[in-house]
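Dropping a structure here in structure tokens format, bear with me for questions.
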Amino acid sequence: MNWSFVIANAITLACIYGTLAIGISLTWSSLGLINMAYGFIFALSGYGAWLASQHIGPYTPVVMMAGILTGVLGGVFVNALAFIPIHDKPNYQLRGLIATLAISLVGNQVLLWSFGPRAKSLPQLFGAGSVNILGVVMTADKIGASISAVVLLTLVLMWMRSSRRGLEIRAMMMNPHAASIVGIGVRQTSFSVMALTGGLAGLASVLLAQTYYVAPFSGITPMVKGLSIALMGGLGSVPGAVIGAVILGTNEAFTSTLLGGQYVLITQFLLIILILLIRPRGIAGILDKAREA
Amino acid sequence: MSRTWIDPLSGFEPEKAPREVATNDYLSPQTTWNETTRFKPKMYKVGRLNFFYKWPGHGGHLWSRTRYWPTRRRVLNIGGTYNQKTMRREKTILDKRPIWWTIAFAAFLLMPFAVPGDLWNTVMTAAAVFGIYAAVNLCWMLIIGTAGIYSLASYAVVGAAAYGATYIAILTGIPWWMLPLAGAAIGLVFGVIIALPAMRLDGFYYALLTLGVVELGRVYVIQSRVFGSATGGLYGAPSYLPDDLSQQDQLLYGYYASLLVMVAALFLYRFVNGKRLGRVLRMAPEKKEAFAEACGVDYRRARVSVFLLSSTAIGAIGGFYASHFGGASPNLFSFDTLLLALAMLVIGGIGRSEGAVAGTAIVVFIDRVLIDWGPLRFVLIGLIMLLVVLFLRDGLFGIKPQFRAWRDKKKSERRATRAEKGGEMLPEEATETENKDEIYYRRFDKMQRDFIKRLVTNEIIEEHRSRPLGQHSEALDRLLIYFRRQGQVDKYAILVTEEFKAYRIVALSGHRGTAPRVVEDKVYLNPNEAYHALFLRRVQDLLET
Amino acid sequence: MTVQSERREVLHVDGLSAGWGPMRVIHDLDLNVYAGERVGLVGLNGHGKSTLFLAIAGLSGWQRGSILLDGHEVGRTRSQGPGRYTHLVVRHGLALMPQGDEIFNGLTVEEHLDSGAFTPRAWKERGERKKRILKIFPPLEALMKTPVGRLSGGERRMVSLGRGLMADASLFLVDEPSLGLAPKIGKSVIAALMAVELGGSAMVIAEQNVGLLEGRVDRMIGMHAGKLKGEASVASPLSSKGLGA
């Protein structure tokens, strides 16, 4: 039993899953859309990063930027297709969910078509060294992944707190109708939200590429994980998503060490079911009543 | 504009100078009529029954009253009315769905004999799959549409039941007809497990949770050695077909058997959705549960019972699936299966049995018959799904109501853009009015008002102010006659509070026993003043219509 | 009439019809509002006051006819997508204070007032503007950091009105400011609205309770069955339009 390994894994996984979950959570709370095409954006930005590393060069900033930019593009694309046409139509939430599902169905097939079923691997972003912090041995890759995830997430959250556009997004989260009365354009804001969450997916994709590789269907498992974290934290709540990510990351690291990798999903869903049975709106779902689900 | 009018009554008193009053130029009462008839507006078609075939006859015949067991429904819902123009009795088929279902069943039955030979095997395999999937989708539609529980775990239940039944069959060697029973039991157990969180979670939380359950099942089945992680599925369940059949006959019988399963599922759908449980649940749609609860509807219980009933049925279909395919494969748990199944529901339209069947037919056809297309067929399915979701509110079978709602909306908007008719009936209103005299009366009244309005000038008002009673000029007389002719409801009158000292204006109620109401606080000191104030009020009301 | 037409028109509505689905609520309505004016729009429940406001903001179900806001055409023939152009209308200088407040439950009072100052210029001046609002609604001072969801009805109304007043608006539309409030609080809210310095902008207040507005606004317009009925200015309350008095 190597506790340091477990802890290091838990931290890394929590950071990356947290990024995904916050992306999903933000989309839901500000646009009322459960973005099931998130896995597609994830896979797409993996391919974007891979193309960049092939054609421009395997430099860390290039690969990361390429991944994030592709994610942004993917988010904008999904928004233009699944949000803009139906956001003011009846039964929008269910239709939006199904539209994003359809996009992910088509998109994954297109990826399969154009890149083939073989998984691609990205270059190691943060070198191969390892550091010993307080007796915990962390590989450079994990440290890099955690730090970049935490830094970017903090930047995003600070921006959400303080800027005018952040206020715009938060206002739209609370009451879309009132937001338009104040002068916030729902369609414009939706593009910035989806670009932001798409970028987060791209970031997570680049960071997770060492574990999941880049494959046409590689996005589904991370998306299900991100969804379950967002769900557990309470859809629409950023602190809830962070707490959820920490809990699930810890669980995953512990289960894979103690019981074996195949039981991860089982313990994870049992945990989620348990938490949701106690708190039906997730961990933080009770704290803020941002949007009536 | 103005000319003088000499009071003809002045002739009785020749000693005095004749009374002269400034008044309007003569305006023929024919003017508005001429103007109205000169103006030829574009005529729009109105009414919406052009395309309904009207059957002749009285409709009291027994054949329309035949009811079929065990419901008290008629075979065809036929409504009879009297045609207002011809005063003949007419009949309309109000609900044509039974006819379409009959045609569809005939087509299903005859389908094997119409398929070209080189495609026969592919199509018949696909058709059997269609029957089973349609049955599952119908039960799932009960959960999503009727009960309003967004469960995505239906195919996971099918998978669990199929795996369980196969496993039991391999262990104990039970005959094929036990498989659906075993599957039903497993489905019930699974239903109970999945229904537990549904009591507390709502909407999307539950959908995502069940998505997790599906993923859980998939990972478990893929990794479990008992369930054939090595062979890619668990096989060895007994088939319901005799062994000595040729391959063609096997396919044919398999198709009819799965069609039978679909018909059974249709009956289940009809009995749950169309009877008490369905009605109860339709009273408690999502977000209106509190209202239903306040009406005494125990919607939770109804939802859970529908859920358990459907889960049991889905389990039984899972058992049949195992028997049909000889086992189960982990494919049932995959995300793709879920997506395709969801596409089937969505394309047809959620909440309709015909939607489930038609959607399944479309998706299974693309998925299983057009195999040569490769991954392109998923793209096609995805695109259809996307287009349906983006443009249709309720799937393919919702096109008609959606189109009608759109047309009605457009119609009313167009009506709003046309000129205001000033009290005249608009064409749409006119078609729905029983008393057609009313239309012509309103048209006449409008024209008359248009004419009368032109007579109101400062001269006329001045003339009335100087002498409210007595002989008036022609224009003022017309005005006053029009006012006098109005109905009693809300007609202005003068209330004498004290003779020659205090008068007030009231409005008559028009109903015997109901006192007039006071319309203003002002007290007039002499009757002429009051007459004129009343006149001004009427003029103002006239100008405002 | 002649005096008024020399002044700048803030709002010019011409032949506006609006409604929801098959229902037509506003019938061919014309309305002019001039700079520096406070107009009271009175009428019973369901006669189209709110729909008129929503139509000006582009939030009604559908609408036809021209609406000039400060010289910009903001009304267009529109048959769907309520709210799709509202933010553009707001950027032309409209502040709508809707019925039922429409507040953002999770934001604090301060963030709320900030969100009202959404146009770039107002955003820069928002500190100053907040001070001005606090002068009009002093009770808000102590509540600046409280989430709006926890406020009482009267306080919420103040926040909602304050948010509207933060904007760079040339036209303030106030929908039923006294609705659902205790009479005393309703009166104080109206008094606060009367205290707002309009400058070059104008304010239209819709009310059911004529008594609250009587004698306090420059003009009163009645609304009946989707049309304007009778107009009385404070100077000569009973002189009527059609009779050229």
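When the chains are written out, they are named A, B and C in that same order, and each has its own residue count from 1.
FYI, a residue touches a chain if its C-beta (ideal position, glycine included) is under 8 Å from a C-beta of that chain, and two chains touch if they have at least 3 such contacts.
Please read all numbers here as calculations on a predicted model, not as lab measurements.
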What are the two chains with the top count of C-beta contact pairs? A-B
Chain whose Cα centroid lies at the greatest distance from that of chain C: A
Nearest whole angstrom, what separates the Cα centre of chain A from the Cα centre of chain C? 42
Nearest whole angstrom, what separates the Cα centre of chain B from the Cα centre of chain C? 36
What residues in chain A touch two or more of the other chains? none
State the interface residues of chain C toward chain B in the complex, per the touch definition above. 17, 19, 21-24, 27-28, 62, 64, 77, 79, 229-230, 240, 242-244
Could you list, by residue number, the parts of chain B that touch chain A in their complex? 150, 196-197, 200-205, 207-209, 211-213, 215-216, 219-220, 223, 335-336, 339, 342-343, 346, 350, 375-376, 378-379, 381-383, 385-386, 389-390, 393-394
Across the complex, what residues on chain A touch chain B? 34, 81-82, 85-86, 89-91, 93-95, 97-99, 101-106, 109-110, 112-113, 220-221, 224, 227-228, 231, 235, 262, 265-266, 268-269, 272-273, 276-277, 280-282, 293
Provide the residue numbers of chain C that touch chain A in the complex, in ascending order. 57, 59, 80-84, 86-88, 90-91, 96, 98, 102-107, 111, 114-116, 118-119, 123, 149, 163, 167
Where on chain A is chain C touching in the complex? 88, 164, 167-168, 170-171, 173-175, 177-188, 288-290
